[in-house]
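Chain nomenclature is as follows: A, B, C, D, E and F, assigned in order of appearance, with residue numbering initiated at 1 for each chain independently.
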């Protein structure tokens, strides 16, 4: 048995600050380093969303990329692009915006929006040198 | 237990048109968008072929990349590079040349050519923003 | 004196065939190789458009990238994306669609549309291994 | 006569907001779009610094890349990485942090630090799709 | 159930020669091609190290990337960067330095150093066109 | 007046060691750092060769890329790929194989081979983070 999966890559830019209010300033600096600087910084994120399933005979597609792109834009990109993750994004409230936490929230939202166990994997790049992958 | 897999990346350029003759023109436009334009367009495809298995002690290799490259060139690249997928490629006849259908045919051909369950995964990029992965 | 220039990168996919009707079939094959295959192939083109000039004090910009993007989309991308350069594109009629000829037409059109000598350079990639640059 | 130039590529991440206090909110939104969102966002910047000159016979170098890297780190990267350009960076105070303005300040600082007209070109990428180049 | 994994990408440059002293010169040339040239050549390697596990609530991290980077630098990069794999690297002694053998040694060392089954996958690129992946 | 230039990108892998026999060991270490390690290391080099001129009307080309590729392969790639620059390459004898010196030799050879002032620029990448450009 083989698995067929299709991926759409999308990009956005957000600001964030890694900071745990339950930590002392010294502890925040120790754990998060420069990422805890008070006035925040930001990243060009890259999000790859992978959907797997059977290929429909009449379209030759697992999912129409137009539909996948529309759903990811509506549920994620439009809410985080050119926004501050600590302040402006409802689904990130009360969470430290590490790549791990951010990716887990994106997974939960897309898994619910796509339904039927279609979501196979997401990869969220914070930079060219580090990224988080979640797969079922 | 760990799995060791080696990948070879190759590129080619093909023309195609996404079109289902059983659909009305309106339906083709709705499903395939600009990809159904009558005179076709094309892509720089990237194909990554991954083979897994044990590492031979005398060569230190899972498979000799020269052999892998030769097989992929003979079975796939030579038949699709600078060709029109709808018209010129025998194994794509009567199929809508979506990335999913194209990747599934490539998988079938390489799995048969390599034999012994060596083929582990292929990834076929249609553009920098969308690709299909098939794995065992 | 320094020169400040800003670049916008955009992508599109087109089909084409390199063929000179004044050449014999043998001569076409000799000059253009597989690029002269009768049913055409295609590429994911990348177009980088560079504008240089002074930086406006109130906006901090040489040109607003929204405006640059809109002009390039209207004048070029919308006319060539998912089209066949030999058949569907008015400004390429009666021209062999080599990267050189294609880039020169794009330069002429954008230089006229942008005006005031703003256009500084374009780079048109046909693949990751070859591209054409035109600069003033 | 030929020119020999050597380039070092470095990366950093900063936060910023494009906003002109002399503009109305409406005008800021019109000119800067989402980039004027109040709580800021950010980018993974890439900075390429190019130095040209003659090649010293005993080292075979235009400039020792260790020295170039050290100067760029001390003068630029250490001051902007994981910082907010609007708030934390002295040399960007009272400037709209567009890529153009940011690049011009980087040019001025590096040209002064390197001296002798060594600095040939800088390229500052704000994203994979837009960047600013300054050259002598 | 989903799996959350974080990856750190690092680079280094090494020299090597593929050669089996138990083979004749002719056999070495047949199996390893130009890679068996006597005076060696080299590569810019890219190493991606992936760790998976649960996300700690107080840090929002699977592993602190500073720690992961420090361990990979100490155990691997410092020992192989700007070194000759055949001569200078203890853990490669008596092994043909193919990408497969090299990756397996890196896996063993990092799996032992990280402990607790944290190591999920490594990918070792020898060039932009070939790489080896090991996963649990 | 505009300038039209076409570029071909090619890759190769070589070994080298940076070392000046007229320097003490200490001085070599100070100037060249780890690059002076006795047993050498190596790189995946990328070479971009740019030719400019008028576009021939019958071919639509500045130069046939097949010819350009053949000349660069014969004059450069075949002589340096999978070779040690200090030992195996005639045109690098008695030169410290820095990227600057290597690029200048490549420029001289290609300028002579191409003739007619066709060669416009070469860029030689030693890694993703540093490269040398020579232009007329």
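The definition used in the following text is that a residue touches a chain if its C-beta (ideal position, glycine included) is under 8 Å from a C-beta of that chain, and two chains touch if they have at least 3 such contacts.
These numbers come from a predicted model, not from an experiment.
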item: Steps needed, at minimum, to go from chain A to chain E via contacts; value: 1
item: Touching chain D and also chain E, the following chains; value: A, F
item: Per Cα centroids, the chain farthest from chain E; value: C
item: Remotest chain, chain A as reference, centres from CA atoms; value: F
item: For chain C placed onto chain D, the superposition rotation in degrees, Cα atoms, nearest 5; value: 120
item: Homomeric contact chain D-chain F: same or different residue positions, threshold half; value: different
item: Chain B-chain E separation of Cα centroids, rounded to whole Å; value: 28
item: Distance between the centres, which are taken as Cα means, of chain C and chain A, whole angstrom; value: 34
item: Whole-Å separation of chain centres (CA-atom averages), chain B against chain D; value: 41
item: Chain B: positions in contact with at least two other chains; value: 33, 128
item: Pairwise chain contacts, counting only pairs that touch as defined; value: A-B, A-D, A-E, B-C, B-E, C-D, C-F, D-F, E-F
item: Touching residues on chain B, where the partner in the complex is chain A; value: 18, 20, 22-23, 31-33, 95-101, 103-104, 107, 128-136
item: Residues of chain B touching chain C in the complex; value: 11, 13-16, 33-35, 37, 39-44, 81-84, 87-88, 127-128
item: Touching residues (chain side chain A, partner chain B) in the complex; value: 1-10, 50, 55, 58-62, 64-66
